[in-house]
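In the two assemblies presented below, chain A is common to both, partnered first by chain B and then by chain C.
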Partner chain A sequence: MNLAKRRVAKLKLSLIILFFILIIWSASKQTGVSLVELFSNLSNMGALLVQMFPPDWSYFNYVTSAMLETIRMAVLGTTFGGIAAIPFALFASRNIVKTGWIAVPFRFVMNLIRTIPELLLAALFVPIFGIGFVSGIFALAVFSFGVIAKLAYESIEAIDNGPLEAMTAVGANKVQWIFLGVIPQVVAPYMSYFLYCFEINVRAATILGYVGAGGIGLYLSRTLGFLQYDRVMSIILYTFVVVLIIDGLSNRIREKLI
Partner chain B sequence: MMNATMKKPLMKRLRNWTIALIVLIIYAWAFTGFFKNFELKPTALQAAKAIFAGMSHPDWGYVSQPGGEDLLHALLETFNIAVLGTFISAIVCVPFAFWAARNMNRYRMISSAGKIFLSAIRVFPELIMALLFIKAVGLGAFAGVLALGFHSIGMLGKLFGESIEDMDFSAAEALRACGANKFQTLWFAIVPQVMPQFFSYTLYRFEISVRSAAILGMVGAGGIGAPLIFALNAHRWDRVGVILLGIIVMVSIIDLISGVIRKRLV
Partner chain C sequence: MEKVIEFKNVSKTYPDGTQGLKHVNLSIEKGEFVVIVGLSGAGKSTLLRSINRLNEITEGEIVIKGNSITKAKGKQLLRMRRDIGMIFQNFNLVKRSSVLKNVLSGRVGYHSTLRTILGLWPKPDVALALSALDRVNIKEKAYSRADELSGGQQQRVSIARALAQEATIILADEPVASLDPVTTVQVLDDLQHVNQELGITTVVNLHSVDLAKKYATRIIGIRAGEVVFDGPVDEAVDKTFDQIYQRSGKEQGAEASGL
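Up next is the complex of A and B:
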């Protein structure tokens, strides 16, 4: 009996491995992976990397305003998305809205939005709002909305029911119930998700300009187009420093929150 | 006594006010910039209408075409890029994970350097990475695979490193006490412990990689991004609509399957 079970488990494992190898094999066949090509042309890439050094230090000054615009995009995008996420998160939580089916469409919209990459959203918004940071803000807002709403409704569903029951028992109405029973319990996780999303958005905002949605990405695509690789490198370094600082700050705040 | 009890709330209040002030200043700065430069193109509404009209009538003919230049092929290529990119990074990131794990290095400096290195990789934009690899191997999916494979090392290395840090060493110690050699301890005590988490993280990264692979084509690194950017530039909204739909369906299915597997793993 035991032996048979083990044999089945073994067969299952080898089938999974075989399936996995098959996928990898067919994928590498179709994408034209060739290590020979990679290693024989690695010098091209090396030449490009050499051109990136030394970075054009004076360029830092020039792109500072674009960098600030990038951060501004991230701040506003996260804020708009985060605010819009609050009602959605409440409606998507089964312990807030007791009627079962109401949560379904709200969750569906959230899941739908989270499947679309930010850069793609930006590319869609540019024809509507025009080239510039407004498109970027809306793209980031839509994306943040999806992320924050999902994380928030999950933490709303995990809250302690005790205070809520107590409030119902003493006759609180629905609005009091939400503002005094639910929200105080989820403020800290919500702020944490907000900051987490802000970190993601800062990173994303740096490339949104590539499709014309404002920020430092515009300079990235411009310098790449003009083959000024030393300037590309200084933009990358600048981004790295800014992202590192923002991540560090946000991580410290988040640690305090939880 | 009185003073001591008074002092703390005052300090706390002061701190809270400072935080509130800083947040207020940040928002004042952000919003003034926003309203100063905010302008809608007069054609915005028209464009939005055109986009909406196109998207509500997707170009179904593009789904499958005899020549092979169609949605399904592009989506398959995107999927392949994500699979291979994730596969490469899942293997390559292992040594980096050990480098960045605090309990695997004697000196804190070494692991900190590893962590900084990994975050440097994470910050390096995928699109630039793709452009670099296009220089090396030419336009096409292979460049996308390499870019994703390289970029994902940053995230997977960090996550793997953290799970190594959280590892329970009692099993390894017990094995060593029984006289197991280094390879045996690694194989029987450490690998079984971290494997489920490694797979779970790899799948998670795969979900992200599918989304990334969908945009890498915008710079010419294969996948669905290239036809998308062509359709966007040509204002063929019906085609944009069908491509978007394709991406949404593919990503949703992959997320669903991967989510089920991950739940069973951990």
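Up next is the complex of A and C:
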């Protein structure tokens, strides 16, 4: 009896392992991944790296305005998206809006928007708003909205109900109830999500230029196209430093908030 | 005497069919310090919270100073709640806000929505809030964050909030259940002073028979949603409490001394 059980368990495990091997094998077959090719072409990778060094130092100066535009896009996109997220987050929270079905459409819109990656959003907005940073800002705004609204409504639903009850008891109307009972409890987590989203947006904004949505990505795609690998390296280093500084600052502030 | 709170044949049936309150008839007069005693689950909280309609009743009517709160709607209900302060077991302060802001939140019913959400409290309101804090002896904590205070201090802040409300009735739902014996006495002393000096009608739910005897001017005993005792404190003898708590004399002594 016990032996039979153990045998079944063993069989199950080997089947699961076999299944995973099959998935990985078929996926690599379909996409044409080959370890042999990876190793036989290592020398090409080396050649590319050689071309990247030394980076074109003078190019830093040239792309600084594009880098600043990238950061501005992230700032504006996060701000617009973050502000638009506030009413949605409130309406999607079941402890704020007691009528159950009202939250459903708000959650549906939020979930729908979160399924679209920011690069796709940018590609959609470029034909609408034209090539340039405006499309990028809209793409980042919509993306930020999705992220912040979701995280904010989850933290609203987790707030302490006590102060809300106290606000009801003192005779506060619904607006006062939200501003004096709910908002003070969620300001800190909201700001933290806002900064977190800003970090993501700075990184995302660096590649939005690929689809024509402004920022430093345009220069990245251009220099790659012209095989100017020393300049590519400059852009990569520049982006690396900027992202590192912004992440560091934002993390420092977020620690203080909580 | 002026009737402040009246229960007229009040019943509460929960959706699952359990009866929280059964045909309760009470009238509480101005300036009384009423303590409601009873076992957990007997309906003390339901009774107290139905006074300002944090709980809805399913039958009967509750009348506050001649006006039915049961029938009140919209603004009228908010106005009636404004005049009733409430103290909770878990203090229910906004922990991240300052003590002063918490006390001022009691003033929301007196000003426009815009003014209150922007925090533009008029000077007399701030003065009133500070004097309310002074009355409960924690004025120096006005600008501390609420979560920096001890439990006893937080409960005094919530008393100050009720005072800032200029409430004529204070309801306290197990106000000392999460406090130690020393702060328990301080908080109940505060409530008693407020009751005696300002004439605020006070209704308190308490677990402890000893405390009920010490502070109440009148005791109401609740058992299984029914009022089984209602009278001045000197009429409430040990036998009365046995009846409320459904037990023999020996056990009663043990629990009464154990707060």
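As a convention for this text, the second predicted complex is superposed on the first by the 240 of 258 C-alpha atoms of A that agree within 3 Å, B and C clash if a C-alpha of one lies under 4 Å from a C-alpha of the other, contacts with A are read in each partner's own complex, and residues count from 1 in each chain.
What we mean here is this: contacts are C-beta pairs under 8 Å (C-beta built on N, C-alpha and C of every residue); 3 or more make two chains touch, one makes a residue touch a chain.
As the structure is a computational prediction, the values presented were derived from the model and not from experiment.
Once chain A is used to superpose the two complexes, chain B occupies space next to chain C without a clash. In the superposed model, A:I200 makes contact with neither chain B nor chain C. In the superposition on chain A, A:F179 makes contact with chain C only, while chain B stays out of contact range. Contacts of A:V109 after superposition on the shared chain: neither chain B nor chain C is touched.
Residue contacts after overlaying the shared chain place A:A166 against chain C, while chain B stays out of touching range. Looking at the superposition, the partner that touches the larger set of chain A residues, chain B or chain C, turns out to be B. Judged by the touch definition given at the top, the superposed model places A:Y210 against chain B, while chain C stays out of reach. When the shared chain is aligned, chain C comes close enough to touch A:A188, but chain B does not.
No C-alpha atom of chain B lies closer than 10 Å to any C-alpha atom of chain C in the overlay. In the three-chain superposition model, chain A touches chain B and chain C at no common residue.
Here chain A touches chain B in the complex through residues 23-24, 26-28, 30-34, 37-38, 41-42, 44-45, 48-49, 68-69, 72, 75-76, 79, 111-112, 115-117, 119-120, 123-124, 127-130, 132-134, 137, 203, 206-207, 210-211, 220, 224, 232, 236, 239-240, 243-244, 247, going by the rule given at the top. In the complex of the two chains, the chain A residues touching chain C come out as 160, 162-163, 165-173, 175-176, 179-181, 184-185, 187-188. The touching residues of chain B, when paired with chain A in their complex, are 26-27, 29-31, 33-34, 37-41, 44, 47-48, 51, 76-77, 79-81, 83-84, 87, 119-120, 123-125, 127-128, 131-133, 135-138, 140-142, 144-146, 211-212, 214-215, 218-219, 222, 228-229, 232, 235, 240, 244, 247-248, 251-252, 255.
Partner chain A is touched in their complex by these residues of chain C: 52, 54, 77-86, 88, 90-97, 101, 105-106, 108-109, 113, 116-117, 158, 161, 165.
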